[in-house]
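There are structures below to look over.
First chain A sits with chain B, and in the next complex the same chain sits with chain C.
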Partner chain A sequence: MSIVPQIIINSIIAGSLYALVAMGFSLIYSVTKFFNLAHGVLAAVGGYGVFFFGRMLGLPVMVAVALGILIATLVGWLLERCVFSPLRSRKSSALVLLVASLGAFTAIQALIALLFGSQFLTLAPILEGGSPFTVAGATITDVQIVLVGTALAAFVCVWLILKKTSFGKVVRATADDEEVAKIVGINTHKVIGKTFVIGSMLAGMAGILSGFDTGIEPIMGLPLLLKGVIAAIIGGMGSVPGALLGAYLLGFSENVGVWFIPGEWKDAISFSILILFLLLRPFGILGRK
Partner chain B sequence: MKTETLLQLKDVSVQYSGVHALDHVTVTLDEGEIVALMGPNGAGKSTILKAMFGLAPITHGEVLWHERAFTPISHEVVERGIAFVPQGRRVFSGLTVRENLEVGGYANRDKKLTSARIDEVLELFPALKTKLFVPSGSLSGGQQQQLAIARGLMTDPKVLLLDEPSLGLAPKIVKEVFALMQEINARRNTAIMVVEHNIKSLLSVATRGYVLDKGRVVAHGKPKELMKSNVLENVFTGKI
Partner chain C sequence: MNNRNILWIVVAVIVVGGGLWLLSGDNKTVSEEGPIKIGVSSPLSGEAASYGESARAGALLAQKEINEAGGVNGRMIELVFEDDTCSPSGVSAMQKLVNVDKVSAIIGPVCSPVAGAAIPIARSAEVPLILIGASAPGLAGGPDSIFSTYPSDAFQGKFAAEYLYSDLGARKVAVLYVNNEWGVGLRRVFVERFKELGGEILFDEGVAQDVKDVRTQVSKIKNTNPDIVYVPLFPAGGIAAIKQFKEAGVDVPLIGGDAFLGDEIVNSGVSEGVMYTAAKVNNTDEFKAQVKALTGVDANIIAPLAYDALKIYAGIMEKSGTDAAAVVKGLNDLTYTEGVSFPEISYDDNGDLEKAAYEVFVYKNGKAELVK
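== the complex of A and B ==
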């Protein structure tokens, strides 16, 4: 039996997970112009939120998922309000904001480890898993189907918001030139806050779906963040369609690559692609020069 | 007939990193006026507009709107009826011409009003009518300047602050920009305060003018008075 369908399915699954992180990361970058590294830890917050509400409190799975997304969103919004926004008001540089976001990442990750322990946990018992499906000779689980569907649905929603709503135009205007956005009467502080809400929601979803698919651990945010950042850069920083394309390109490159070379080289493939893009097309696939 | 003072900087000082950009400056803009701000580079002309709009750190003095002091915060200033067109044709280059105008009307908080306003504004800028769905980053310099001014008019402001609207434009387009300024002023009685290096053209349309040097007002008056005096020559040749 050919392995090609399985490679394609695995690539789509990996790409979808990266896309959820990359879209939120890129969206937040577009309006703030700094690398929000704390974005990764929100995935862990989402995953642990579901673990807490679903496994520890025994709430129904959909309620636990909704609360997990809510908690991740709330933490992301609070970080913006209590850390990043005051720093921006003091005209702090993008480097200062990046360092602050790294600090927030580390602190929240440590807090999760303190509350739930450092061991690997599984969310699977919350979800009554069905048998894996076989599609064109490739195996895929119900969680993975939901993951792919969620990533695509999230992209369509974010794209429609950005292109078709007044709020989306205001976000794009703020991303284009924040000072002029203020000049035309936009409260950019509020716009950035709302953008954090959307971005953090996407990160939370990524963490929850990754948790259902494989499991959760406090350090789960870092690999997701790294892949999300690479996808966002190669797609073109600040471009949501670019983030999606970058994520799938990354997913395919990794999964096709590890068919030819050992699996431990997966990350090396991702970073090689990143370096190639930085050298040859630093503005990414859909980014603006 | 006595005209009302709409906007005033009263004894305002602005400092950037300890350097005085404005030093106890008082300027006023009355209803229906076109007021020129002139002076060499670094005189503080643009800083006056920025201070009125909450974009410069005021260390002394106050900004008054209808003779009442207020703290200018950009997005709130727009709601008072003041629009600012910054230097350098800063359009939202990733947005289409229509989207730029829609965003310019954000403070209207009414889609129908914004849509009607777009039609009105386009009467003043017919060249933009055929470019509505074109990304504004691909417009020519003159068209981008027109768009920046059109965007400023989307809230039907009582006051329009223009920072070097003719900068980098061809002489023919510069003429059009000045004619447009007069038309905007005449049609809706919009008071305009404009910073411009093109002194001759500016004074031909202005009602009053202020001459600035090193962050201070060194002269002000009617265009004819300013032209007759040698103050302009002196500030531009560094004799003051």
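== the complex of A and C ==
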């Protein structure tokens, strides 16, 4: 059946997008131990950043993309410095941080809608795109190829950083036990800040690529975040390889599932899998007990 | 009682008192003097913002003309615009117009998803309401204060089926519709009529209004090899879907419904070759120029609809006063031939437009061209 390659490709594309969001989310969770819901809106910030620089100011595509990523990273880092860090130093619980991140999410989303309007916009016009490629009977566009490549490259980079660099060691130490890390002399404050930088960059990239592929609107952050969180959970919360695995698993289940049942049920599939995992294996595939 | 308790009591008094005061507001249901308040519920923001803008512009033009000619029996028309965002949450706009502003009559909504939720509010308060674009079948309901100055999709779906079958010779069609009042209504009528004519529906699935990724549905549709794909989708989802169809290499014609007539589709850059059906509403260059001169807006067909609705209200109120029952009677008895939008406007027993004609447009080079 010629449709099978297309389903596989669709799954990989979806999985790559979720992976970018999930990896950042999981990384941030690993060091701070709270669900940073504001992670989702950083995708929107990235997308709108490219829109602003690329379409409104007319800068070249690559410059706009770089600036978009920069803005998303900046916003993410500022959130950590100005909102989450002060709360943590007051020994606020994870729940308080979650609510704060939700507030940040909503506020930034509303700001974007105020500045840019709430309609759906496309980033594609600033790309001189070629026509889609055909690979083994399935079509894939250049943006989608970049998306898949970026997700995999991001994973490799993050994994190498975590495993091979001394910074990575420090991150892993903080993730293991923040208190002990502090005692040992690690400046966990700085470490967390840098982790937010990496995570926010990934989120920004996700938003930008999603914007090129489909389009941007102020509310685009939430669906991406939800899928990313599901992927992170089923892969093992706090584990970056787990996030990647979970994301592709999710992508495949959704797209293969929707082949058999009407497309409206796509989200139902994702959330059912989440519930299944939470019931049977809450620490995820690669998580530790 | 310590300070804390006193503070809470003060706050409670303010909140409750304020609420009571706000809701009692103008206690008379409709004021007998001063400006006549007419409410307009339209999507001023969101994916259908161009429709709302046109509605607003058309209404403003009519208001200007009426007020400059002395108003209605000396009373000026005051328009209250509310943004209903073209989604069911926009029902709060109707709530405000009916319960807080206590308007004498309402123009709108434009979008069927809002209308489905908002109409019962106006209906139970017996406020006269003219729909200007919400076209899902059955919205105007039975004999009551709700009227529609845009033909019901019971016609549009039928027209689309007949056009595809007879004019385009399609025998096998795939349907991808938006899962809201409008899309569901259109799809039902279309599928029924197309099958009646002898056609075959190969694929029939809906997507939620806010879903942008329909790649799997597109792959499934491509696999069924249809002659034509009927896509009654809303603008945001529609743009994403069109893009994904083209990327997947689906080269059969795509034809949508009247949700594709707004600027959004053209501005997205993927509109080339996409067709859509829409009711035949006159939108003369002269009228468009007048609207543009007053508001700067490039009016689409919603503008003449809003313009005529306001003029109709003014005409009836001039003769019969602003009492709701009188206005409703006036609307029931109406045969209006001075309208911009249609040569003749009259309503049947349900409040639907009696006559309707449809056209098919295709986007070429960023402009809609009439095909039929």
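Basically, the second predicted complex is superposed on the first by the 288 of 289 C-alpha atoms of A that agree within 3 Å, B and C clash if a C-alpha of one lies under 4 Å from a C-alpha of the other, contacts with A are read in each partner's own complex, and residues count from 1 in each chain.
Note that a residue touches a chain if its C-beta (ideal position, glycine included) is under 8 Å from a C-beta of that chain, and two chains touch if they have at least 3 such contacts.
Because the structure is predicted, anything quoted here is derived from the model rather than measured.
Applying the stated clash criterion after superposition on chain A shows that chain B and chain C can sit side by side. Between the C-alpha centres of chain B and chain C, as seen from that of chain A in the superposed arrangement, lies an angle of 140 degrees, given as a multiple of 10. After overlaying the two complexes on the shared chain, residue contacts for A:Q119 are found with chain C alone; chain B is out of touch. In the superposed pair of complexes, A:S272 makes contact with neither chain B nor chain C. Contacts of A:S166 after superposition on the shared chain: chain B is touched, whereas chain C is not. Once the two complexes are overlaid on the shared chain, A:G185 sits against chain B while remaining clear of chain C. For chain A, the partner touching the most residues, choosing from chain B and chain C, is C. By the touch criterion defined above, A:D176 lies against chain B but remains apart from chain C after alignment on the C-alpha atoms of chain A.
Taken over all C-alpha pairs, chain B and chain C come no nearer than 24 Å in the superposed arrangement. Shared interface residues of chain A (contacting chain B in one complex, chain C in the other): none.
Note for the complex: chain B touches chain A at residues 53, 55, 74-75, 78-79, 84, 86, 90-95, 99, 102-104, 106-107, 111, 151-152, 154-155. Considering their complex, residues 1-3, 6-7, 10, 13-14, 117-120, 122, 124-125, 132, 134, 139, 141, 214-215, 217, 219, 255, 258-259, 262-264, 266 of chain A touch chain C.
Considering their complex, residues 45-47, 49, 85, 179, 205-208, 210-217, 219-220, 222-223, 235-236, 239-240, 243, 247-249, 264, 268-270 of chain C touch chain A. Contacts from chain A toward chain B in the complex involve residues 166, 169-170, 172-173, 175-177, 179-188, 288.
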